[in-house]
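Questions regarding the structure given below will be posed in turn.
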Amino acid sequence: MSSFSHIDNKGCSRMVDITDKEPTLRSAVAQGVVSMKPSTFEMIHNDSIKKGNVLETAKIAGIMAAKKTSELIPLCHPINISHIDINFEPDKDESSIKIKTRVRLFGQTGVEMEALTAVSVAALTIYDMCKSQDKKMIISDICLLEKSGGKSGIFVRKTVND
Amino acid sequence: MSSFSHIDNKGCSRMVDITDKEPTLRSAVAQGVVSMKPSTFEMIHNDSIKKGNVLETAKIAGIMAAKKTSELIPLCHPINISHIDINFEPDKDESSIKIKTRVRLFGQTGVEMEALTAVSVAALTIYDMCKSQDKKMIISDICLLEKSGGKSGIFVRKTVND
Amino acid sequence: MSSFSHIDNKGCSRMVDITDKEPTLRSAVAQGVVSMKPSTFEMIHNDSIKKGNVLETAKIAGIMAAKKTSELIPLCHPINISHIDINFEPDKDESSIKIKTRVRLFGQTGVEMEALTAVSVAALTIYDMCKSQDKKMIISDICLLEKSGGKSGIFVRKTVND
Amino acid sequence: MSSFSHIDNKGCSRMVDITDKEPTLRSAVAQGVVSMKPSTFEMIHNDSIKKGNVLETAKIAGIMAAKKTSELIPLCHPINISHIDINFEPDKDESSIKIKTRVRLFGQTGVEMEALTAVSVAALTIYDMCKSQDKKMIISDICLLEKSGGKSGIFVRKTVND
Amino acid sequence: MSSFSHIDNKGCSRMVDITDKEPTLRSAVAQGVVSMKPSTFEMIHNDSIKKGNVLETAKIAGIMAAKKTSELIPLCHPINISHIDINFEPDKDESSIKIKTRVRLFGQTGVEMEALTAVSVAALTIYDMCKSQDKKMIISDICLLEKSGGKSGIFVRKTVND
Amino acid sequence: MSSFSHIDNKGCSRMVDITDKEPTLRSAVAQGVVSMKPSTFEMIHNDSIKKGNVLETAKIAGIMAAKKTSELIPLCHPINISHIDINFEPDKDESSIKIKTRVRLFGQTGVEMEALTAVSVAALTIYDMCKSQDKKMIISDICLLEKSGGKSGIFVRKTVND
């Protein structure tokens, strides 16, 4: 019935066809770490950064970015995430903040890119809000910690060093 | 139960109500043709256009545009396409490139606008990348070639002249 | 199985988890009123506003905004609305136009924010198109009139004074 | 030099041509009011709304929406606002929150639509965050309070009743 | 001062650097043609297409798409267009509608992609609104008719056959 | 002339007012590193990743994301970047790819967030394209390397360890 040829040029980008996949419950957890000067760490927790409430703004930015994932990542399927949670774990000794996100969906494709995008944009927002104070902040250790649902099964990693 | 009046003014735009439609497997194939000078055709295939890899960039632009269809076409329903494929068929004799797209979805409404939007934006991207070289390129023969799923049944057209 | 801690800081924003909710038929009706000078009201209905056809443009803006609701409202879930209808009820005596929107969806979450967003953006578009003529227009009485579907049951309100 | 005909059909929408306008300092102030039950007003100020910090989230939503104004309002010119400020004035006696926004720009066109859009989306966000608690909230009195810059001169209005 | 290496891999896409270009008055005119069945042509002009006012909706879609050009075309620079005009020239004998767009800007880069994008999306919107009636519509002859401003000087082409 | 009160609540987010800043030439260079399994590194460079040409797709995603920065980062000013360049420096020994971006603009505010956003989204795209092969990739060392223009003067950092 189709006049369409599937012979792609070698190496060309393509979107995976998920039309025939069974929907299942999908979940993904991702993390990332923002390292900064101790004085920046203090200012964030004292709410004295000039641009305002850093972690609350970063959380909202992360949530909104998760919803935009398929606009940012070219070959990602558009999906309607049904939940995202973003947590911050400050580490005073390391003068860093760990960002953790969890995304959930009942659907045909995984949500790890949504979880990773939320981490990245929350981290960039922390950078933006503190950059007049600390240009040397570093965003690191962005990785997937958990994934479940779909045929590749359950993936768990405790830390970035696993 | 409703206080809402359905009496539209004559001629006013409206979105079709698909709430009660049964989801079915939907597929659409569309095409378009970009005509250019022979020297432009050569440069695209030799990868010597100054702005870079023309067809790869056009493919990604087309995929991303398909995901944005309901933002561009006012009365289109938002949908989450589950597959899009974009192919290029160069015709050296005509000094033209045919773009073919196929979109798939299991859902309540057809995907022909997504296939046509992908063709159009892939063609515009080819124009953009080659325009410093060839302002007279023409985009033509954008049309639907196939459509299946939904109550209107199967539609097939071999070429623009059918 | 999860290393993720759900202990939010007090007062932090969060998106409600709808993953496990049963999809049902959802409907919402919202309204808003734009008040203006009698001469502006006349110009809208005589199609003599310099920027063009006011109500038709406002309707399209409202439809397109409804599709963007989850991009605008931070904690709204992304959904694919299956219908939106926008009506205008002019009131010559009050020199005002009432906007009514109805949104429908078979899904896991309500559509009242989509209906209210459509009202708001349609009203802002009326303002934009007439503002060179009438800077003192007022947008008021934006509220939810009906809501059905989901566990909170049926909500009906006849007017803003109910 | 142009083959283009400017003869529009009567009543068709059009964007004002600002190409030849002198850039000037532009400023606009807008307001809106969200009315609610006293218990909802209390919960917002005690930070005990389940969805989180209402006013902080509404402020960020309003700022982000101001940046999207030309995507929402069809005939608005795209501009790069150089400042937006959003304030909340709670009125315990009326059990309402007044939202005030100010937008600034050095440019060729006014910023009143950006100020009004920010008010509207901040108000909708308050509605969204409190709606499980109070479906009868009303958004009213959205209007322009001040405008300066451009040939139409200075506009000032103290309240919605002016 | 820079640690950054400009040695691109051969064939990689790149955005032209316009930072040091002098701003000039830019203008571009583009066209496209939508061909259809005579009965569809009649229905558009009688306002009896079920989805509503076809040309008014297509015009608004084209204006809004012009503002989104740099989101759609990967290597296009973001610009704030200061004017766009869209006209329709119906040809009853050919049962087709010619779309013409003009875009203006005082800036550092040309606006031909904005004019061509507006044509394409206006044409796709005509297709969308009439497709239940006529699946065989064809969009053709999309090309640049005029361009002025910038170092490449004035370009004029009367028709697609020039 | 203004009825607007600038007294923000303590800790509330706000956008910096850049209206009165002198435009200057702005430049920023940022970097990030994606670490992966040696077999993934090989597959990227052999063009045998199933989803297609990884680095070309990541470059386009990064360019498009830079243009969206102010939509993602809540308090970022919208700007029209006039150049972005993205380079990849593969390190076979470390089995990692360093991403470097440079953004330029003549304007009123810095472009470091655009450079950092481009790095982050290019890195996420590499992750997305290789994730079926390697779920344990890590994105690290995202930081600003250079910044010039504006009153804070020139900032240079050779590596993440500076």
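As written, the chains take the letters A, B, C, D, E and F, and residue 1 is the first residue of each chain.
As a convention for this text, a contact is a pair of C-beta atoms (placed from the backbone, for glycine too) under 8 Å apart; a residue touches a chain by one contact, two chains touch by 3 or more.
Because the structure is a prediction, the values reported are computed rather than measured.
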Chain pair repeating A-B, as identified from A-D, C-D or A-C when over half of the contact pairs by residue number coincide: A-C
Mean-CA-position distance for chain E and chain C (Å): 30
Whole-Å separation of chain centres (CA-atom averages), chain B against chain E: 15
Per-residue multi-chain contacts in chain B, two or more chains: 12-16, 53, 56-57, 60-61, 64, 68, 71, 74-75, 80
Complete list of chain pairs which touch one another: A-B, A-C, A-D, A-F, B-C, B-E, B-F, C-D, C-E, D-E, D-F, E-F
Complex contact set, residues of chain F against chain E: 25, 29, 55-56, 59-60, 63-64, 67-68, 80-85, 87-89, 100, 102, 104-106, 145-146, 148, 154, 156, 158
List of chain A residues in touch with chain F within their complex: 10-16, 32, 47, 50-53, 56-57, 60-61, 64-65, 68, 71-76, 112-113, 116-117, 120-121, 123-125, 127-129, 131-132, 135-144, 147, 152, 155, 157, 160, 162
Residues of chain B that touch chain C when the two form their complex: 1-9, 12-19, 70-71, 74-75, 77-80, 108
Parts of chain B lying in touch with chain F, wherever the complex brings them together: 53, 56-57, 60-61, 64
